[in-house]
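The following pair of complexes shares a single chain, chain A, combined with chain B in the former and chain C in the latter.
Moving on to the complex of A and B:
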């Protein structure tokens, strides 16, 4: 990217520090230099890569990418940001008030693979860089995402949108239901993780194939739920009723207009709205708005996490941008659905 | 906002807030503390700072770092272990206080809203820590928590560039819902499937400016814009209340020769 031209790396061994840590110190441009650089472009309503302010990066969705161990999966690429999502299934006990409801759990993995700012545990590394703000739990510059906050946001969106009908996850009323475990692994963090993780989770859910089950009563009690693996050996006529049943996998019914699609925008100087920021833009933006809508115009979630104050008219403009994005992404998702 | 709606707790009118009560400097150890009640909902906020950070790696050379700790009460259900924002088996009377959001997400949200309004450049290389404890949750928890934090910051005499006021609004769920908006909902109203909750933080020092917003449940754009208008109006009431609270504290302290 454009900043690498201004970068020089050198390794510093600091023995004064009690932990004898080795820091990789980057001589990168500081915040004011980055802002000045970006401003020269935004003043003419464009960005360093030539992308207009209100355009997203090219989005690619590859469903069923991990077919062996997962029941649904997808790889989402928004520009250079890549998120791999896999769904595994567990069987759980439904709550007493909702005997037919299943559950959805989400977890997001960030690691040194995604970006050099994270350690193996997924936590932000306290890298010391010249003249930069150091990372702390809050007021870290944008782009240094707190994984738990992001997980909570995406999980809430999935649960409160009408995309997933929890009744479809029921196996035995009052006794067992599916627990859908969605795991998003960020392969490359180049900005806009919120959009990529939500899109990954949604496309994996669209790809989810619930297997046929058999209740084994031999163990006593309420019986053990067993997944019956489909058999591909026999011809259609040769199959017994049982194998036919096993091959009956169910996909979730998705209605048009219920898919939550997000658009994250940054607020920059002079109230310019930068849609779908890259990593370098995220760091210098003064605020972020994430709008999640369905194509019917229903706002599933609107999170403006601090940052520069906006007028209600600006916020309405953000919502309209998000609805436009929702229409193009939903078309893409449904076309993949039909193709599979 | 219609004046004739009857609310479950006896209020009439969508724009009526619950009675506010506050106590500043209620704790001795922290630099600033405030207990704010909005009807039955009671939140305690404490501010420590500006102080040197415990780990020198945390400090930033030209500004203060703001960190927020948010704790639910022991009886309220924190965490995301519920589906569709409904409580676990025990609680039928309303949504869990966090509406299904984890404490981490709320901490990040509250910190981002407050850091916008604190004059952080005035306190370089320090940490300002805000601790928020929910004592009793009966609706509008996040909004009241932010307001309590602001009062605590005022109590700690930390310089602010603007005054953020949070307002919780209840709007009809879904896009076709044209229900009137209601301010300052109770837990029972929030738990109603027909409604969604929006928390809007506005800048009371500047006309028509929204600092932060978060929501629990879906709604349409027109409901959102009405909620913003409602928050602008409610923030004027809140500012008057804050003024009263701080004036009372100053009068009380001036009466004692040496205040603790």
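Moving on to the complex of A and C:
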């Protein structure tokens, strides 16, 4: 039935206005063709775009992009991969064992913006073409993006690193604390989402401004927390004392050596380490290593996916590359912090 | 190595030199303060901004309207737009893309296509569009299909305080409470977008193809429909896959009753912000004598034809024509 439909389609195109008719065929190369293509470049230690194997793509961070609806936000671009992060705040009741601790929650959102493969709900669209194409999705560890795994990874990194002091998120001891909701929207997926999402989350946290609060005891009980919103965009003739307080915004204190910075590398051809892969390279690599370090040399997280065996020297090389990356990214983040 | 020997070697190697002890102490201190994996907050709610005590301030418009986005605000008249920024070709993965910023309202649009579809998945007149904001053209004998979807950015597309106001309960920051109202708005926006865009495209040149238009509202601050339609039109032009008769431009206008002594007059505000829109809607429902509302218009400027005309709220004919 499909074949007859295809024939019918051909016929339609021939007899109709051929000048305007467009026949679209997704003629993407299969896995072996992609590998052959990439090998011709990696054999001379370079990549199709000319980038050396151990260099990342240019990274851009734009903080405070959404200043009205969020309390902290940033847009991160690593090459063509773009991730927009926004932070919204909720107030909650802390657990009994940790009466002064706040909470951090992360979610990652994929959509048809990210790439053609995703539908509106963020789920992968099923492929209708030959079996070879679909195989690449399951054999390589980054054939498709597992959103929940990514969320879990980045959330775990944020919570277990010493980046945040959860006591700073306290409003009233034992009664209320901030819950920081970080939402990463992937605007364009061109590989290396782990780095981009983590960098987005971290730069948004650096940009986060906790507002001044007023506790409303009218409802009885423990009181309801309300935000004193700063008067932006318009001035009020009679500013009460409350609004003057509104300019008391606190930012989270982040120490210099505690920012977790990640680097994702793919292992290609058993020995070549491809740092910061693009989408086309990701689909072909059989092993992926993600190392998260801080500039003090502390390894926050080390993840290796894929069934490829790696020698300890290769692992050590990956960690060294990650530490180098951490130094340059931290400089970038702290210079933004000073500039704001 | 046998296990015991390797353990000895390991143990001997990790004795830190004395110079690093201070740093270690710092790390130890911070270790106590790290978040545990299981402690989470319960009963989370969205904190609302403090309500001002004077009723006058909440029901009346601020005297001066500001344009722009951010602290450098210049005052604008009732008939002028906010600061406008347009950019195209920003998403490399999409066939066409555009970003429209009207003051604080930021809308991103991406176009994919044309994609071939089988006739079984073509919509028929009795189609069900499933959950969410999709909308389909009625199936015609020739021509392609335009598929539009509008989504608000999760959690921050609409200001959380506004969502909390519109949903019945403010407890449980889980957007399920406010999710239904934003979902309805998404469906309505998708439908309006579909209606506004389809007259401007020559879809008969693309038989059995579908063009996907996906709009994401990154930040909504009033006049979202206007921004969305403009962005979609720009993105379609940027995609360069379908013949377009003209670009479509759109804008909303809010009518708010004025508190002047002249009771007949209403303030007509072009490109309203979220507060002005809410004020207009509130006054249309509460104050039946004066009314109030929002009118949205989308037109093709070169052809001088209107593709969408929508009015919400009641107002007398003179205000509406204004």
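Methods note: the second predicted complex is superposed on the first by the 287 of 340 C-alpha atoms of A that agree within 3 Å, B and C clash if a C-alpha of one lies under 4 Å from a C-alpha of the other, contacts with A are read in each partner's own complex, and residues count from 1 in each chain.
The rule we apply is simple: a residue touches a chain if its C-beta (ideal position, glycine included) is under 8 Å from a C-beta of that chain, and two chains touch if they have at least 3 such contacts.
It should be emphasised that the depicted structure is a prediction, and the values quoted were computed from it without experimental measurement.
**Student:** So in the superposed three-chain picture, is A:53 touching just chain B, just chain C, both, or none of them (first/second/both/neither)?
**Tutor:** In the superposition, A:53 contacts neither chain B nor chain C.
**Student:** Is A:296 touching anything from chain B or chain C once the two structures are fitted on A? First, second, both or neither.
**Tutor:** both
**Student:** After lining up the shared chain so the two structures overlap, which partner does A:166 touch, if you call chain B first and chain C second: first, second, both or neither?
**Tutor:** both
**Student:** After lining up the shared chain so the two structures overlap, which partner does A:316 touch, if you call chain B first and chain C second: first, second, both or neither?
**Tutor:** A:316: touches chain B, not chain C.
**Student:** In the three-chain superposition, say which chain, chain B or chain C, touches more residues of chain A.
**Tutor:** C
**Student:** Figure out whether A:332 sits in contact with chain B (first) or chain C (second), or with both, or with neither.
**Tutor:** In the superposed model, A:332 contacts neither chain B nor chain C.
**Student:** By the touch definition at the top of the document, which applies to A:307: first (chain B), second (chain C), both, or neither?
**Tutor:** first
**Student:** For A:113, using the defined touch cut-off, is the partner it touches chain B, chain C, both, or neither? Pick first, second, both or neither.
**Tutor:** second
**Student:** Looking at the overlay, what does A:152 touch: chain B (first), chain C (second), both, or neither?
**Tutor:** Touch partner of A:152: chain B, not chain C.
**Student:** Once chain A of both complexes is superposed, is A:252 in touch with chain B (first), chain C (second), both, or neither?
**Tutor:** Touch status of A:252: no partner.
**Student:** Common interface residues of chain A with chain B and chain C?
**Tutor:** 95, 97-98, 101, 103-104, 156, 159-161, 166, 296, 298
**Student:** Any idea which chain A residues touch chain C in the complex?
**Tutor:** Residues 5, 9, 12, 16-17, 20-24, 66-70, 73, 80, 82, 84, 86, 88-95, 97-98, 101-104, 107, 109, 111-116, 120-121, 156, 159-162, 164-167, 177, 179, 181, 183, 185, 187-190, 213-214, 216, 224-229, 232-234, 236, 242, 258, 296, 298 of chain A touch chain C in their complex.
**Student:** Over in the complex, which chain C residues touch chain A? Could you list them?
**Tutor:** 23, 27, 30-31, 33-37, 39-50, 57, 62, 64, 66, 69-71, 73, 91-94, 104, 106, 108, 110, 112, 114-116, 118-119, 132-134, 149, 151, 153-161, 173, 205-209, 212, 214, 216, 218-221, 241, 243
**Student:** Please give the residue numbers of chain A that touch chain B in the complex, ascending.
**Tutor:** Those residues of chain A that touch chain B are 95-98, 101, 103-104, 126, 128, 133-134, 136-139, 146, 148-149, 151-153, 155-156, 159-161, 166, 287, 294, 296-312, 315-316, 319.
**Student:** Please give the residue numbers of chain B that touch chain A in the complex, ascending.
**Tutor:** 57-60, 63, 65-68, 80, 83-86, 88-89, 92, 99-102, 104-105, 107-109, 111-116, 120, 162, 174-175, 198, 203, 206, 208-221, 224-225, 228-229
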